[in-house]
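We just call them A, B, C and D in the order they show up, numbering each chain from 1.
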Amino acid sequence: MIVVIKNDAPQEKVDELKQMLEGYGVTLNLSVGTHSTVIGLLGDTSAIDADLIAAQDIVEAVKRVQEPYKKANRKFHPENTVINIKPGVDIGGKSLAVIAGPCSVESEEQIIEVAKRVKAAGANFLRGGAFKPRTSPYSFQGLKAEGLELLKIARRETGLPIVTEIMSVEHLPLFEDVDIIQVGARNMQNFEMLKELGKIDKPILLKRGLANTIEELLMSAEYIMSGGNENVILCERGIRTFETYTRNTLDISAVPVLKRLSHLPVIVDPSHAGGLPWLVEPLTKAAIAVGADGVMIEVHNNPKKALSDGAQSLTPDQFDNVMKMVKKYAAIGDRTI
Amino acid sequence: MIVVIKNDAPQEKVDELKQMLEGYGVTLNLSVGTHSTVIGLLGDTSAIDADLIAAQDIVEAVKRVQEPYKKANRKFHPENTVINIKPGVDIGGKSLAVIAGPCSVESEEQIIEVAKRVKAAGANFLRGGAFKPRTSPYSFQGLKAEGLELLKIARRETGLPIVTEIMSVEHLPLFEDVDIIQVGARNMQNFEMLKELGKIDKPILLKRGLANTIEELLMSAEYIMSGGNENVILCERGIRTFETYTRNTLDISAVPVLKRLSHLPVIVDPSHAGGLPWLVEPLTKAAIAVGADGVMIEVHNNPKKALSDGAQSLTPDQFDNVMKMVKKYAAIGDRTI
Amino acid sequence: MIVVIKNDAPQEKVDELKQMLEGYGVTLNLSVGTHSTVIGLLGDTSAIDADLIAAQDIVEAVKRVQEPYKKANRKFHPENTVINIKPGVDIGGKSLAVIAGPCSVESEEQIIEVAKRVKAAGANFLRGGAFKPRTSPYSFQGLKAEGLELLKIARRETGLPIVTEIMSVEHLPLFEDVDIIQVGARNMQNFEMLKELGKIDKPILLKRGLANTIEELLMSAEYIMSGGNENVILCERGIRTFETYTRNTLDISAVPVLKRLSHLPVIVDPSHAGGLPWLVEPLTKAAIAVGADGVMIEVHNNPKKALSDGAQSLTPDQFDNVMKMVKKYAAIGDRTI
Amino acid sequence: MIVVIKNDAPQEKVDELKQMLEGYGVTLNLSVGTHSTVIGLLGDTSAIDADLIAAQDIVEAVKRVQEPYKKANRKFHPENTVINIKPGVDIGGKSLAVIAGPCSVESEEQIIEVAKRVKAAGANFLRGGAFKPRTSPYSFQGLKAEGLELLKIARRETGLPIVTEIMSVEHLPLFEDVDIIQVGARNMQNFEMLKELGKIDKPILLKRGLANTIEELLMSAEYIMSGGNENVILCERGIRTFETYTRNTLDISAVPVLKRLSHLPVIVDPSHAGGLPWLVEPLTKAAIAVGADGVMIEVHNNPKKALSDGAQSLTPDQFDNVMKMVKKYAAIGDRTI
């Protein structure tokens, strides 16, 4: 961290500031020029509140040099994290995760039919929403606990590990037998929930918030990891911009950026990012080409009657076609599905 | 709601669609042209999933005409809502709420000193954070339950009603004796929490999320109101844009827009919107001039040592000056503080 | 400017970099720590390409401390710039400019009628578009040279100085007798045009681009000023964000920020920012309260038949009402209209 | 286009509106319900000003159904446009364009060296800036006319067609012997220039503006095409969002969206989008996978001494590696380079 002092700062104020900064346990490095004085802070600055330093009268500017995250930082963990989900099934490394299934679990028949179809096409995980975050209180809110039970039945039938979203820390006991717990975009900064998820050891799929920066996503991962749970999978699912043709704007660059800054696996959700079924295939191809560790795709046996997000779901037949392309692109990068 | 049918849709598909639409309990109005067919849906369309209709093959486009919120809608409640907080103290109508206090409650001395100073300057509410949402897990997280107790002591000393933020539905019992419960920007779409807040009758100050539209803010209010709690105060606190000089971009237009679309009171938080102490005064003046029902301002007895957000807090002396201007601007609009 | 060197940089590479930096005519200030080396650049860094320095292998980060603009910078010109338009009529300082008129000049009758009405209401400048930037090639493109002539006739009739937009540097000779030349948002970074406008001495009203930062607006002003024309008026007219209820999002904070960073006058265009006639009054009040040096308002004698932007224009009667409020708010700040 | 009438509109006002709408030469289709009346406009609505209709008192809302562009619209031109640049060299169709070269032309040696290297690696076009749009007036502004001459020398040496940017309509005569004229992001809505470019028949590479929607990009193409020049190549180069880690946010979804809405070829500029050299390879792979007709990549023989944008340029060796991947990805889609 670098602190730039105003030109006209009286020496005693500078001395006070230096004392304050030394209180953080860092070493100071002073560079006095004719027009400005610069103080370099050396050591671990991740717990220092840059805004507070900027609030001091004599400070012109504060610039961070180090990233504020540690556990999620590739600098301190150069190897890729590979998360083992069940024997022979990993996320990260050479594995390419294909997580597919309906937006909402609607019935036993539906979830089993979809699970069988996506497995046959080559998916290695089943997704399905039991608790559904909906913008309107008048929309279908999910089958809740019953939905979780139906997912487990589908898992038993197909062997696919299941991924499903948690919406409140109170529901955590219900998720004990789930394979991967998803934190949705709207809860990416629900810090109380992140803290609780840091106390368990189940893999957490953490979706980037609509208006959250890459650094904030890593700080939310840091919340979970600093609690002790290092099994975090990051997910890019589109950010909110001025463009309205697509539901959100898939920030494809975030994938290589996240993989450079962090050792955690990164997957992409092309269904939510675009919000249009015909965008799923090209965005999936782009996600694999750019280096993602997996994709998460909505598939519904009858999108026209889906109780949520039908407009963006693929039919099982369309998913079959997408998987053919997935396999071609995976082959270039020697990825295994 | 209007549904535009593709040119080449076969009649039987159109008939199927009509049946589906009639299933929502609305009346249909068909307009057949040479190039396209338009179906108007008349009646209550707030529970209809527009995306699902758009997912049908023969549908070219779906356009909403009605707003998807009802309880929060001024059309169905033309009078301004005025929320009584305690005898003689309202939010909304002719009253101008000035909610002031520190970002975080830090000690009994601090909160009492700030409370006395802001009261003397003319504030009519005390704010203070006990549970603090922080981007970094390594930052100060608030005094929690103890902070709530200190706020109550400050209320006893000054008579000012207290406003404080809830971060998890599990903490709700602790907030029983708080005057106004604040939902922060990051929890605006924590729907499980909104549902719980809909079951009580305490006033809720609902902050707009960083990347949430005006309509989504109203839909979150609708979550609380549809549960039975109509005491919702909306708060504009800046949205995230490409401009980085200010922390966020205060969407000042949102105030008159919200007041046109809804009957609920609307306040502005100039401290979080700008993130810079010297912006608080001009933004406060703008907020009152544009028609807000109040402002929420961070004041700290020693911003340079604040445990959170010191960089944007005013000193009590600076707040005195802001209040002088507040009174002048309030006078133009016949607002009482 | 501060250059942070990577931990493992070999000494010879650091020496090379130092030589390169000294080549810019600045003094270097080295601060060597155990984990990183920081080089401070002292002197005029406005011509240094920070990106080029960042491209060097051993550079971890480059941070600007100084602003990259000089002529527009309040640090080097602490007094407010007041631009004299004609005897007794200024922009900046204690004067409050009210620039009103139709989006497009449509006919002699129209522009004279509007000019008389806005003058009677208290406006001190007449606006009107002769060359119109339209998103669609099929929309009305303005009366061009004829429109400029009609504006001059309206000026003769009312005495109001005229403000009108230039769209191409080739048209510059036609603008010789115009009082203030407007550069529209879409041309804010039409650098070839800015350079030409720097060679004349006519006041330039420079509108902020839809996606341009405050710093970029000041850099565009710098283009004009570095050519020799220091008569630049800045205009905030809304930026593009994810919110679609309003046409753009008025960045009200930009006004006090621009006034702090620069000595140039700053005005606000509430008509284009909101795009809705009922937003003009509240946004005008906010603009004056926040400290703008003026406002620019669209007024049309028959908005429903306007050839462009009718949807956001006020009628002369509505403008009369807005001016009543303008006068009240101007009085608080001792502004003269 | 659909016009929704307010509930309480008097019949005479509705009749007036119908007359006004019929004046546009469209057929009306009335749908009268109990709560609202909807008028459908059938025929060519591209020249109708939707805002003007929305300005009428009795109008609740106006919704476009048709796209406002015609020449650029795939509906009226279902086949892909393939632009022939020289015998055997096309943009569009099965061809994959690889346009490479330095940000700025700096010297004869530089441009020839880079041209030879990129040709050897497999590029089929040479790019190089002669007129440079720079945010700061104090930055290098390009070699101008001399730069164009150097590009032609490099073309003679290598046979590669040249692509270079125009910044002002006044310079058009200088571009007569250029193969493809580029319109930069900042000039995407410089309508006067677009009109002039519509009068020639040279291919135009039109870059999307930083804050321009997909529809606006197509409307700018329409400006050129409606003038008679249908040789337009669209280019996605990143949009401005709140994320600051990358210079801009590459809107990868824009590629399949543009290809669905329009028949024009679409290329991607990964160098400007990311602003970081290590992002060029993954973004190039994503661009080809998503279906772009080409990529535009900055290559400099000595990025550390580049006079502009060195920070994002690849070295020729790095470009060699990117081209190896380009060929693998092109093979999947049967694209020829």
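Here, a contact is a pair of C-beta atoms (placed from the backbone, for glycine too) under 8 Å apart; a residue touches a chain by one contact, two chains touch by 3 or more.
Note that the coordinates shown come from a computational prediction; the quantities given were computed from them, not determined experimentally.
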Chain-contact steps, minimal, separating subunit D from subunit B
1
Can you name the chain that lies farthest from subunit C, using the mean of each chain's Cα atoms as its centre?
A
Would you mind pulling out the distance in Å between where the CA atoms of subunit A average out and where those of subunit D do?
31
Between subunit C and subunit D, what is the separation of their C-alpha centroids in Å?
26
How many angstrom between the C-alpha centroids of subunit C and subunit A?
39
Where does subunit B touch two or more other chains at once, residue-wise?
211, 239-242, 244
Under the stated contact criterion, what part of subunit D meets subunit C in this complex?
46-47, 49, 51-52, 54-57, 68, 131, 133-140, 167-171, 186-187, 189-193, 195, 209-211, 216, 219, 222-223, 226-227, 239-240, 277, 303-313
Subunit A contacts subunit C in the complex at 2, 4, 27, 29-36, 38, 40, 42-43, 60-61, 63, 65, 211, 240-242, 244
Residue numbers of subunit D touching subunit A in their complex, please.
211, 213-215, 239, 241-246, 249-257, 260, 273-274, 278-279, 282-283, 285-291, 328-329, 332
